[in-house]
(Lines give C-alpha, C1' and ligand atoms only; values in the text may rest on other atoms or scores of the structure.)
Protein backbone atom coordinates (compact mmCIF):
# COMPACT_ATOMS: atom_id res chain seq x y z
CA UNK A 1 0.00 0.00 0.00
CA UNK A 2 1.35 3.33 -1.06
CA UNK A 3 0.18 6.87 -0.37
CA UNK A 4 -1.33 8.58 -3.43
CA UNK A 5 -0.46 12.09 -4.58
CA UNK A 6 -3.99 13.18 -3.71
CA UNK A 7 -3.53 11.91 -0.14
CA UNK A 8 -0.08 13.49 0.09
CA UNK A 9 -1.45 16.86 -1.01
CA UNK A 10 -4.19 16.56 1.59
CA UNK A 11 -1.51 15.94 4.24
CA UNK A 12 0.46 18.99 3.12
CA UNK A 13 -2.64 21.19 3.09
CA UNK A 14 -3.52 20.13 6.64
CA UNK A 15 0.05 20.72 7.78
CA UNK A 16 0.10 24.17 6.20
CA UNK A 17 -3.13 25.14 7.93
CA UNK A 18 -1.79 23.96 11.27
CA UNK A 19 1.46 25.88 10.66
CA UNK A 20 -0.49 29.07 10.05
CA UNK A 21 -2.65 28.42 13.12
CA UNK A 22 0.41 28.25 15.39
CA UNK A 23 2.15 31.10 13.56
CA UNK A 24 5.07 29.20 12.00
CA UNK A 25 6.56 28.81 8.52
CA UNK A 26 7.33 25.23 7.60
CA UNK A 27 8.95 23.01 5.04
CA UNK A 28 6.66 19.97 4.62
CA UNK A 29 7.68 16.76 2.86
CA UNK A 30 5.70 13.57 2.24
CA UNK A 31 7.35 10.30 1.14
CA UNK A 32 5.72 7.05 0.05
CA UNK A 33 6.18 3.52 1.41
CA UNK A 34 9.46 3.28 -0.51
CA UNK A 35 10.71 6.45 1.24
CA UNK A 36 10.66 8.39 -2.03
CA UNK A 37 9.30 11.96 -2.19
CA UNK A 38 5.67 12.27 -3.30
CA UNK A 39 4.86 15.89 -2.48
CA UNK A 40 6.59 18.88 -0.94
CA UNK A 41 5.79 22.45 -0.02
CA UNK A 42 7.96 25.21 1.44
CA UNK A 43 5.97 28.06 2.98
CA UNK A 44 7.04 31.58 2.09
CA UNK A 45 9.83 32.75 4.36
CA UNK A 46 10.50 29.32 5.86
CA UNK A 47 14.12 28.51 6.72
CA UNK A 48 16.02 27.38 3.66
CA UNK A 49 18.09 24.89 5.66
CA UNK A 50 14.92 23.18 6.75
CA UNK A 51 14.18 22.04 3.20
CA UNK A 52 16.64 19.15 3.37
CA UNK A 53 15.80 18.49 7.02
CA UNK A 54 12.10 18.05 6.30
CA UNK A 55 12.82 15.52 3.55
CA UNK A 56 15.32 13.63 5.72
CA UNK A 57 12.80 13.55 8.60
CA UNK A 58 10.15 12.04 6.35
CA UNK A 59 12.59 9.44 5.03
CA UNK A 60 13.87 8.62 8.51
CA UNK A 61 10.32 8.10 9.84
CA UNK A 62 9.60 5.63 7.04
CA UNK A 63 13.02 3.98 7.17
CA UNK A 64 12.29 2.80 10.71
CA UNK A 65 8.49 3.12 10.89
CA UNK A 66 8.54 5.34 13.98
CA UNK A 67 8.56 9.00 14.96
CA UNK A 68 11.97 10.54 14.37
CA UNK A 69 12.20 11.79 17.94
CA UNK A 70 12.12 8.22 19.24
CA UNK A 71 15.23 7.41 17.24
CA UNK A 72 16.86 10.59 18.49
CA UNK A 73 16.61 9.40 22.08
CA UNK A 74 18.38 6.18 21.13
CA UNK A 75 21.12 7.90 19.13
CA UNK A 76 22.45 10.04 21.99
CA UNK A 77 25.99 9.49 23.30
CA UNK A 78 26.01 6.28 25.34
CA UNK A 79 22.72 5.09 23.89
CA UNK A 80 22.32 2.02 21.64
CA UNK A 81 22.10 3.81 18.28
CA UNK A 82 24.77 6.50 18.76
CA UNK A 83 25.57 8.21 15.46
CA UNK A 84 23.05 6.22 13.41
CA UNK A 85 22.63 9.53 11.55
CA UNK A 86 25.65 8.62 9.42
CA UNK A 87 23.66 5.96 7.58
CA UNK A 88 21.35 6.35 4.58
CA UNK A 89 23.09 9.49 3.32
CA UNK A 90 22.11 11.31 6.50
CA UNK A 91 19.23 10.82 8.90
CA UNK A 92 17.53 13.49 10.99
CA UNK A 93 16.52 12.05 14.33
CA UNK A 94 14.91 14.89 16.25
CA UNK A 95 11.13 15.35 16.28
CA UNK A 96 9.17 16.33 13.17
CA UNK A 97 9.00 13.04 11.23
CA UNK A 98 5.90 10.87 11.63
CA UNK A 99 4.73 7.72 9.76
CA UNK A 100 1.43 8.00 7.85
CA UNK A 101 -1.02 5.11 8.20
CA UNK A 102 -4.14 4.24 6.24
CA UNK A 103 -7.48 3.33 7.83
CA UNK A 104 -6.30 -0.27 8.30
CA UNK A 105 -3.25 0.88 10.24
CA UNK A 106 -0.78 0.04 7.49
CA UNK A 107 2.11 2.47 7.01
CA UNK A 108 1.77 4.00 3.54
CA UNK A 109 4.35 6.78 3.84
CA UNK A 110 5.62 9.46 6.19
CA UNK A 111 5.63 13.22 6.72
CA UNK A 112 8.59 15.38 7.69
CA UNK A 113 8.22 18.95 8.95
CA UNK A 114 10.94 21.50 9.71
CA UNK A 115 10.96 25.25 10.28
CA UNK A 116 10.31 25.99 13.92
CA UNK A 117 11.03 24.43 17.33
CA UNK A 118 11.08 20.63 17.26
CA UNK A 119 7.95 20.69 19.40
CA UNK A 120 6.13 22.74 16.78
CA UNK A 121 7.58 20.64 13.98
CA UNK A 122 6.17 17.53 15.62
CA UNK A 123 2.76 19.11 16.24
CA UNK A 124 2.43 20.03 12.60
CA UNK A 125 3.70 16.63 11.40
CA UNK A 126 1.32 14.79 13.70
CA UNK A 127 -1.58 16.94 12.52
CA UNK A 128 -0.70 16.32 8.89
CA UNK A 129 -0.34 12.56 9.35
CA UNK A 130 -3.68 12.32 11.15
CA UNK A 131 -5.52 14.10 8.34
CA UNK A 132 -5.74 10.82 6.42
CA UNK B 1 11.51 38.63 -6.61
CA UNK B 2 10.76 35.08 -5.63
CA UNK B 3 7.98 32.71 -6.55
CA UNK B 4 5.55 32.13 -3.69
CA UNK B 5 4.31 28.73 -2.55
CA UNK B 6 0.84 29.71 -3.76
CA UNK B 7 2.22 30.43 -7.22
CA UNK B 8 4.28 27.24 -7.23
CA UNK B 9 1.22 25.18 -6.33
CA UNK B 10 -0.68 26.87 -9.15
CA UNK B 11 2.14 25.88 -11.53
CA UNK B 12 2.03 22.27 -10.34
CA UNK B 13 -1.75 22.13 -10.64
CA UNK B 14 -1.59 23.42 -14.22
CA UNK B 15 1.19 20.96 -15.06
CA UNK B 16 -0.78 18.07 -13.60
CA UNK B 17 -3.84 18.99 -15.63
CA UNK B 18 -1.77 19.19 -18.80
CA UNK B 19 -0.16 15.83 -17.97
CA UNK B 20 -3.56 14.23 -17.66
CA UNK B 21 -4.74 15.89 -20.87
CA UNK B 22 -1.89 14.35 -22.87
CA UNK B 23 -2.13 11.03 -20.99
CA UNK B 24 1.20 11.07 -19.14
CA UNK B 25 2.32 10.63 -15.53
CA UNK B 26 4.81 13.23 -14.43
CA UNK B 27 7.15 14.26 -11.65
CA UNK B 28 6.83 18.04 -11.34
CA UNK B 29 9.25 20.25 -9.41
CA UNK B 30 9.26 24.01 -8.86
CA UNK B 31 12.29 25.88 -7.52
CA UNK B 32 12.57 29.52 -6.49
CA UNK B 33 14.98 32.24 -7.64
CA UNK B 34 17.62 30.67 -5.37
CA UNK B 35 17.18 27.33 -7.20
CA UNK B 36 15.80 25.73 -4.04
CA UNK B 37 12.75 23.47 -4.12
CA UNK B 38 9.44 25.21 -3.32
CA UNK B 39 6.90 22.58 -4.31
CA UNK B 40 6.87 19.11 -5.77
CA UNK B 41 4.36 16.47 -6.85
CA UNK B 42 4.82 12.95 -8.21
CA UNK B 43 1.75 11.63 -10.01
CA UNK B 44 0.67 8.08 -9.12
CA UNK B 45 2.57 5.57 -11.23
CA UNK B 46 5.10 8.07 -12.57
CA UNK B 47 8.64 6.75 -13.10
CA UNK B 48 10.57 6.69 -9.87
CA UNK B 49 13.82 7.69 -11.58
CA UNK B 50 12.18 10.86 -12.86
CA UNK B 51 11.85 12.26 -9.35
CA UNK B 52 15.49 13.34 -9.20
CA UNK B 53 15.50 14.29 -12.88
CA UNK B 54 12.55 16.70 -12.49
CA UNK B 55 14.27 18.48 -9.61
CA UNK B 56 17.58 18.65 -11.49
CA UNK B 57 15.80 20.05 -14.56
CA UNK B 58 14.19 22.81 -12.51
CA UNK B 59 17.50 23.68 -10.86
CA UNK B 60 19.37 23.60 -14.18
CA UNK B 61 16.82 25.94 -15.79
CA UNK B 62 17.26 28.46 -12.98
CA UNK B 63 21.04 27.98 -12.70
CA UNK B 64 21.41 29.33 -16.23
CA UNK B 65 18.07 31.10 -16.78
CA UNK B 66 17.23 29.20 -19.92
CA UNK B 67 15.37 26.10 -21.04
CA UNK B 68 17.33 22.96 -20.22
CA UNK B 69 17.19 21.76 -23.82
CA UNK B 70 19.21 24.80 -24.93
CA UNK B 71 22.02 23.84 -22.58
CA UNK B 72 21.81 20.26 -23.86
CA UNK B 73 22.72 21.40 -27.34
CA UNK B 74 25.81 23.14 -26.00
CA UNK B 75 26.91 20.18 -23.85
CA UNK B 76 27.25 17.70 -26.73
CA UNK B 77 30.69 16.30 -27.65
CA UNK B 78 32.68 19.01 -29.43
CA UNK B 79 30.38 21.78 -28.23
CA UNK B 80 31.40 24.61 -25.86
CA UNK B 81 29.83 23.18 -22.68
CA UNK B 82 30.69 19.52 -23.16
CA UNK B 83 29.86 17.53 -20.03
CA UNK B 84 28.71 20.54 -18.02
CA UNK B 85 26.42 17.96 -16.37
CA UNK B 86 29.27 17.12 -13.98
CA UNK B 87 28.83 20.44 -12.16
CA UNK B 88 26.42 21.36 -9.40
CA UNK B 89 26.05 17.78 -8.17
CA UNK B 90 24.57 16.80 -11.52
CA UNK B 91 22.68 18.77 -14.14
CA UNK B 92 20.03 17.47 -16.52
CA UNK B 93 20.28 19.24 -19.83
CA UNK B 94 17.60 17.69 -22.02
CA UNK B 95 14.17 19.37 -22.40
CA UNK B 96 11.71 19.64 -19.52
CA UNK B 97 13.17 22.50 -17.48
CA UNK B 98 11.79 26.01 -18.05
CA UNK B 99 12.33 29.32 -16.20
CA UNK B 100 9.25 30.90 -14.61
CA UNK B 101 8.78 34.65 -15.06
CA UNK B 102 6.45 37.13 -13.40
CA UNK B 103 4.29 39.66 -15.23
CA UNK B 104 7.28 42.02 -15.50
CA UNK B 105 9.37 39.36 -17.17
CA UNK B 106 11.63 38.80 -14.19
CA UNK B 107 12.70 35.21 -13.53
CA UNK B 108 11.27 34.18 -10.17
CA UNK B 109 11.94 30.44 -10.35
CA UNK B 110 11.79 27.44 -12.65
CA UNK B 111 9.83 24.27 -13.30
CA UNK B 112 11.21 20.82 -14.09
CA UNK B 113 9.08 18.01 -15.50
CA UNK B 114 10.04 14.37 -16.10
CA UNK B 115 8.07 11.22 -16.82
CA UNK B 116 7.51 10.89 -20.55
CA UNK B 117 9.27 11.77 -23.81
CA UNK B 118 11.35 14.92 -23.59
CA UNK B 119 8.89 16.56 -25.99
CA UNK B 120 6.01 15.85 -23.61
CA UNK B 121 8.11 16.85 -20.61
CA UNK B 122 8.77 20.21 -22.24
CA UNK B 123 5.13 20.75 -23.23
CA UNK B 124 4.01 20.20 -19.65
CA UNK B 125 6.80 22.37 -18.23
CA UNK B 126 6.02 25.18 -20.65
CA UNK B 127 2.32 24.98 -19.80
CA UNK B 128 3.06 25.07 -16.09
CA UNK B 129 5.45 28.02 -16.39
CA UNK B 130 2.96 30.01 -18.46
CA UNK B 131 0.18 29.56 -15.89
CA UNK B 132 1.60 32.48 -13.90
CA UNK C 1 3.22 -5.55 -5.35
CA UNK C 2 6.76 -6.15 -4.19
CA UNK C 3 9.18 -8.97 -4.87
CA UNK C 4 9.80 -11.20 -1.83
CA UNK C 5 13.20 -12.30 -0.58
CA UNK C 6 12.34 -15.86 -1.56
CA UNK C 7 11.58 -14.75 -5.11
CA UNK C 8 14.73 -12.62 -5.24
CA UNK C 9 16.87 -15.56 -4.11
CA UNK C 10 15.28 -17.70 -6.80
CA UNK C 11 16.20 -15.06 -9.38
CA UNK C 12 19.79 -14.96 -8.16
CA UNK C 13 20.07 -18.76 -8.18
CA UNK C 14 18.81 -18.91 -11.77
CA UNK C 15 21.19 -16.13 -12.80
CA UNK C 16 24.12 -17.90 -11.17
CA UNK C 17 23.32 -21.14 -12.98
CA UNK C 18 23.12 -19.33 -16.31
CA UNK C 19 26.41 -17.56 -15.57
CA UNK C 20 28.11 -20.90 -14.97
CA UNK C 21 26.53 -22.34 -18.09
CA UNK C 22 28.03 -19.61 -20.29
CA UNK C 23 31.32 -19.62 -18.36
CA UNK C 24 31.16 -16.18 -16.77
CA UNK C 25 31.49 -14.75 -13.25
CA UNK C 26 28.82 -12.25 -12.36
CA UNK C 27 27.67 -9.75 -9.78
CA UNK C 28 23.89 -10.15 -9.48
CA UNK C 29 21.61 -7.63 -7.73
CA UNK C 30 17.85 -7.68 -7.21
CA UNK C 31 15.87 -4.60 -6.13
CA UNK C 32 12.22 -4.32 -5.14
CA UNK C 33 9.48 -2.08 -6.55
CA UNK C 34 10.92 0.82 -4.52
CA UNK C 35 14.32 0.28 -6.19
CA UNK C 36 15.86 -0.82 -2.90
CA UNK C 37 18.20 -3.83 -2.73
CA UNK C 38 16.56 -7.12 -1.71
CA UNK C 39 19.26 -9.67 -2.49
CA UNK C 40 22.75 -9.73 -3.95
CA UNK C 41 25.42 -12.24 -4.83
CA UNK C 42 28.95 -11.80 -6.20
CA UNK C 43 30.39 -14.94 -7.74
CA UNK C 44 33.96 -15.87 -6.76
CA UNK C 45 36.46 -14.05 -8.94
CA UNK C 46 33.89 -11.68 -10.47
CA UNK C 47 35.09 -8.14 -11.26
CA UNK C 48 35.03 -5.98 -8.17
CA UNK C 49 34.03 -2.89 -10.16
CA UNK C 50 30.94 -4.70 -11.35
CA UNK C 51 29.50 -4.80 -7.84
CA UNK C 52 28.30 -1.20 -7.98
CA UNK C 53 27.40 -1.51 -11.66
CA UNK C 54 25.09 -4.46 -11.05
CA UNK C 55 23.23 -2.58 -8.30
CA UNK C 56 22.96 0.57 -10.46
CA UNK C 57 21.68 -1.50 -13.39
CA UNK C 58 18.95 -3.03 -11.24
CA UNK C 59 17.95 0.39 -9.89
CA UNK C 60 18.01 1.97 -13.35
CA UNK C 61 15.76 -0.77 -14.79
CA UNK C 62 13.20 -0.16 -12.04
CA UNK C 63 13.57 3.63 -12.10
CA UNK C 64 12.27 3.68 -15.68
CA UNK C 65 10.59 0.25 -15.98
CA UNK C 66 12.60 -0.80 -19.01
CA UNK C 67 15.75 -2.66 -19.92
CA UNK C 68 18.83 -0.56 -19.22
CA UNK C 69 20.10 -0.97 -22.76
CA UNK C 70 17.05 0.83 -24.13
CA UNK C 71 17.91 3.88 -22.07
CA UNK C 72 21.51 3.65 -23.21
CA UNK C 73 20.46 4.12 -26.83
CA UNK C 74 18.59 7.28 -25.88
CA UNK C 75 21.42 8.71 -23.78
CA UNK C 76 24.02 8.78 -26.58
CA UNK C 77 25.39 12.13 -27.80
CA UNK C 78 22.73 13.83 -29.89
CA UNK C 79 19.97 11.61 -28.53
CA UNK C 80 17.09 12.82 -26.33
CA UNK C 81 18.41 11.64 -22.96
CA UNK C 82 22.10 12.56 -23.34
CA UNK C 83 23.89 12.30 -19.99
CA UNK C 84 20.83 11.14 -18.04
CA UNK C 85 23.40 9.05 -16.15
CA UNK C 86 24.12 12.09 -13.94
CA UNK C 87 20.77 11.70 -12.19
CA UNK C 88 19.83 9.48 -9.26
CA UNK C 89 23.39 9.32 -7.92
CA UNK C 90 24.51 7.61 -11.08
CA UNK C 91 22.68 5.42 -13.56
CA UNK C 92 24.13 2.60 -15.65
CA UNK C 93 22.46 2.55 -19.05
CA UNK C 94 24.12 -0.27 -20.97
CA UNK C 95 22.55 -3.75 -21.08
CA UNK C 96 22.28 -5.98 -18.02
CA UNK C 97 19.35 -4.45 -16.13
CA UNK C 98 15.89 -5.97 -16.64
CA UNK C 99 12.55 -5.38 -14.85
CA UNK C 100 11.03 -8.35 -13.03
CA UNK C 101 7.30 -8.96 -13.48
CA UNK C 102 4.87 -11.20 -11.64
CA UNK C 103 2.41 -13.56 -13.33
CA UNK C 104 -0.04 -10.66 -13.83
CA UNK C 105 2.59 -8.63 -15.66
CA UNK C 106 3.07 -6.13 -12.84
CA UNK C 107 6.62 -4.93 -12.25
CA UNK C 108 7.66 -6.08 -8.79
CA UNK C 109 11.38 -5.29 -8.97
CA UNK C 110 14.40 -5.56 -11.24
CA UNK C 111 17.63 -7.49 -11.71
CA UNK C 112 21.04 -6.07 -12.56
CA UNK C 113 23.93 -8.21 -13.79
CA UNK C 114 27.54 -7.19 -14.42
CA UNK C 115 30.77 -9.13 -14.92
CA UNK C 116 31.18 -9.99 -18.59
CA UNK C 117 30.30 -8.51 -21.99
CA UNK C 118 27.08 -6.51 -21.97
CA UNK C 119 25.57 -9.18 -24.21
CA UNK C 120 26.31 -11.84 -21.61
CA UNK C 121 25.20 -9.56 -18.79
CA UNK C 122 21.85 -9.12 -20.52
CA UNK C 123 21.44 -12.85 -21.22
CA UNK C 124 21.96 -13.66 -17.56
CA UNK C 125 19.69 -10.84 -16.37
CA UNK C 126 16.94 -11.89 -18.78
CA UNK C 127 17.23 -15.49 -17.64
CA UNK C 128 17.07 -14.48 -13.99
CA UNK C 129 14.06 -12.21 -14.51
CA UNK C 130 12.17 -14.92 -16.41
CA UNK C 131 12.65 -17.46 -13.62
CA UNK C 132 9.68 -15.97 -11.76
CA UNK D 1 42.04 -15.81 2.18
CA UNK D 2 38.66 -14.60 1.12
CA UNK D 3 35.16 -15.76 1.94
CA UNK D 4 33.48 -17.51 -1.01
CA UNK D 5 29.96 -16.79 -2.22
CA UNK D 6 28.97 -20.28 -1.10
CA UNK D 7 30.20 -19.52 2.42
CA UNK D 8 28.53 -16.11 2.42
CA UNK D 9 25.22 -17.63 1.42
CA UNK D 10 25.61 -20.18 4.21
CA UNK D 11 26.16 -17.30 6.65
CA UNK D 12 23.05 -15.51 5.40
CA UNK D 13 20.96 -18.67 5.60
CA UNK D 14 22.05 -19.26 9.21
CA UNK D 15 21.36 -15.62 10.09
CA UNK D 16 17.91 -15.78 8.51
CA UNK D 17 17.05 -18.91 10.48
CA UNK D 18 18.21 -17.29 13.71
CA UNK D 19 16.19 -14.15 12.88
CA UNK D 20 13.07 -16.24 12.45
CA UNK D 21 13.79 -18.16 15.65
CA UNK D 22 13.89 -14.94 17.70
CA UNK D 23 10.99 -13.41 15.76
CA UNK D 24 12.79 -10.56 13.98
CA UNK D 25 13.08 -9.31 10.40
CA UNK D 26 16.63 -8.51 9.41
CA UNK D 27 18.80 -7.00 6.72
CA UNK D 28 21.88 -9.23 6.46
CA UNK D 29 25.08 -8.28 4.61
CA UNK D 30 28.31 -10.20 4.13
CA UNK D 31 31.52 -8.56 2.90
CA UNK D 32 34.79 -10.19 1.94
CA UNK D 33 38.34 -9.55 3.19
CA UNK D 34 38.43 -6.45 0.96
CA UNK D 35 35.29 -5.12 2.72
CA UNK D 36 33.28 -5.42 -0.49
CA UNK D 37 29.77 -6.88 -0.53
CA UNK D 38 29.58 -10.59 -1.37
CA UNK D 39 25.98 -11.43 -0.49
CA UNK D 40 22.96 -9.68 0.92
CA UNK D 41 19.39 -10.49 1.89
CA UNK D 42 16.57 -8.28 3.20
CA UNK D 43 13.81 -10.24 4.89
CA UNK D 44 10.23 -9.31 3.91
CA UNK D 45 9.00 -6.43 6.04
CA UNK D 46 12.43 -5.57 7.48
CA UNK D 47 13.11 -1.86 8.09
CA UNK D 48 14.16 -0.13 4.90
CA UNK D 49 16.65 2.11 6.72
CA UNK D 50 18.46 -0.97 8.00
CA UNK D 51 19.58 -1.91 4.50
CA UNK D 52 22.38 0.64 4.47
CA UNK D 53 23.11 0.09 8.16
CA UNK D 54 23.66 -3.65 7.73
CA UNK D 55 26.14 -3.07 4.91
CA UNK D 56 27.94 -0.35 6.89
CA UNK D 57 28.15 -2.64 9.94
CA UNK D 58 29.72 -5.42 7.88
CA UNK D 59 32.23 -3.00 6.33
CA UNK D 60 33.04 -1.41 9.70
CA UNK D 61 33.68 -4.83 11.28
CA UNK D 62 36.14 -5.72 8.51
CA UNK D 63 37.69 -2.24 8.33
CA UNK D 64 38.95 -2.66 11.89
CA UNK D 65 38.72 -6.45 12.39
CA UNK D 66 36.56 -6.22 15.49
CA UNK D 67 32.93 -6.24 16.51
CA UNK D 68 31.28 -2.92 15.68
CA UNK D 69 30.11 -2.45 19.26
CA UNK D 70 33.71 -2.33 20.47
CA UNK D 71 34.42 0.61 18.18
CA UNK D 72 31.22 2.27 19.37
CA UNK D 73 32.57 2.40 22.92
CA UNK D 74 35.69 4.17 21.68
CA UNK D 75 33.78 6.67 19.53
CA UNK D 76 31.76 8.21 22.35
CA UNK D 77 32.31 11.84 23.37
CA UNK D 78 35.63 12.12 25.22
CA UNK D 79 36.85 8.76 23.99
CA UNK D 80 39.84 8.22 21.68
CA UNK D 81 37.90 7.65 18.45
CA UNK D 82 35.17 10.26 18.92
CA UNK D 83 33.13 10.62 15.73
CA UNK D 84 35.16 8.12 13.74
CA UNK D 85 31.82 7.50 11.99
CA UNK D 86 32.63 10.41 9.66
CA UNK D 87 35.29 8.35 7.89
CA UNK D 88 34.90 5.84 5.07
CA UNK D 89 31.68 7.38 3.78
CA UNK D 90 29.99 6.58 7.07
CA UNK D 91 30.63 3.90 9.68
CA UNK D 92 28.09 2.28 11.95
CA UNK D 93 29.64 1.53 15.31
CA UNK D 94 26.87 0.02 17.40
CA UNK D 95 26.50 -3.79 17.73
CA UNK D 96 25.55 -6.00 14.80
CA UNK D 97 28.81 -6.21 12.83
CA UNK D 98 31.08 -9.21 13.42
CA UNK D 99 34.23 -10.43 11.63
CA UNK D 100 34.05 -13.86 9.98
CA UNK D 101 37.00 -16.22 10.48
CA UNK D 102 37.96 -19.45 8.79
CA UNK D 103 38.97 -22.65 10.62
CA UNK D 104 42.53 -21.30 11.01
CA UNK D 105 41.29 -18.15 12.70
CA UNK D 106 42.07 -15.88 9.75
CA UNK D 107 39.56 -13.12 9.08
CA UNK D 108 38.01 -13.76 5.66
CA UNK D 109 35.16 -11.25 5.80
CA UNK D 110 32.45 -9.86 8.05
CA UNK D 111 28.71 -9.93 8.60
CA UNK D 112 26.45 -6.96 9.36
CA UNK D 113 22.92 -7.35 10.67
CA UNK D 114 20.27 -4.65 11.24
CA UNK D 115 16.53 -4.71 11.87
CA UNK D 116 15.85 -5.08 15.57
CA UNK D 117 17.44 -4.06 18.89
CA UNK D 118 21.23 -3.91 18.79
CA UNK D 119 21.28 -6.91 21.13
CA UNK D 120 19.25 -8.97 18.67
CA UNK D 121 21.27 -7.65 15.74
CA UNK D 122 24.45 -8.85 17.44
CA UNK D 123 22.99 -12.26 18.34
CA UNK D 124 22.04 -12.88 14.72
CA UNK D 125 25.38 -11.60 13.40
CA UNK D 126 27.31 -13.75 15.85
CA UNK D 127 25.25 -16.79 14.91
CA UNK D 128 25.82 -16.15 11.21
CA UNK D 129 29.56 -15.65 11.63
CA UNK D 130 29.93 -18.83 13.65
CA UNK D 131 28.18 -20.93 11.02
CA UNK D 132 31.45 -21.23 9.11
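Letters A, B, C and D name the chains as they come in the text, with residue numbers starting at 1 for each one.
To be clear about the criterion, a residue touches a chain if its C-beta (ideal position, glycine included) is under 8 Å from a C-beta of that chain, and two chains touch if they have at least 3 such contacts.
What you are looking at is a predicted structure, and each value in this text was computed from that prediction instead of being measured.
Student: Touching both chain A and chain D: give me those chains, sorted by label.
Tutor: Both-contact set = C.
Student: Report back the single chain whose CA centre is most distant from the CA centre of chain D.
Tutor: Using the mean of the C-alpha atoms as each chain's centre, the farthest one from chain D is B.
Student: CA centre of chain A versus CA centre of chain B: separation in Å?
Tutor: Chain A and chain B have C-alpha centres separated by 25 Å.
Student: I'd like the Å distance between the centres of chain B and chain D, where a centre is the mean of that chain's Cα atoms.
Tutor: Using C-alpha averages as centres, the distance is 42 Å.
Student: Could you state the distance in Å from the CA-based centre of chain A to that of chain C?
Tutor: Comparing mean C-alpha positions, chain C is 32 Å from chain A.
Student: Among the residues of chain C, which are close enough to touch at least two other chains?
Tutor: 34-36
Student: Who touches whom among the chains?
Tutor: Contacting pairs: A-B, A-C, A-D, B-C, C-D.
Student: Flag every residue of chain A that touches chain B in the complex, lowest number first.
Tutor: Result: residues 4-5, 8-9, 34, 36-44, 48, 51 of chain A touch chain B.
Student: Can you tell me which positions in chain C touch chain A when the two form their complex?
Tutor: Against chain A, the touching part of chain C is residues 32-36.
Student: State the interface residues of chain C toward chain B in the complex, per the touch definition above.
Tutor: Within the complex, chain C contacts chain B at residues 34-35, 59-60, 62-65, 77-78, 80-84, 86-89, 91.
Student: Residues of chain B touching chain C in their complex?
Tutor: Interface residues on the chain B side: 47-50, 52-53, 56, 72, 75-77, 83, 85-86, 90-95, 117-118.
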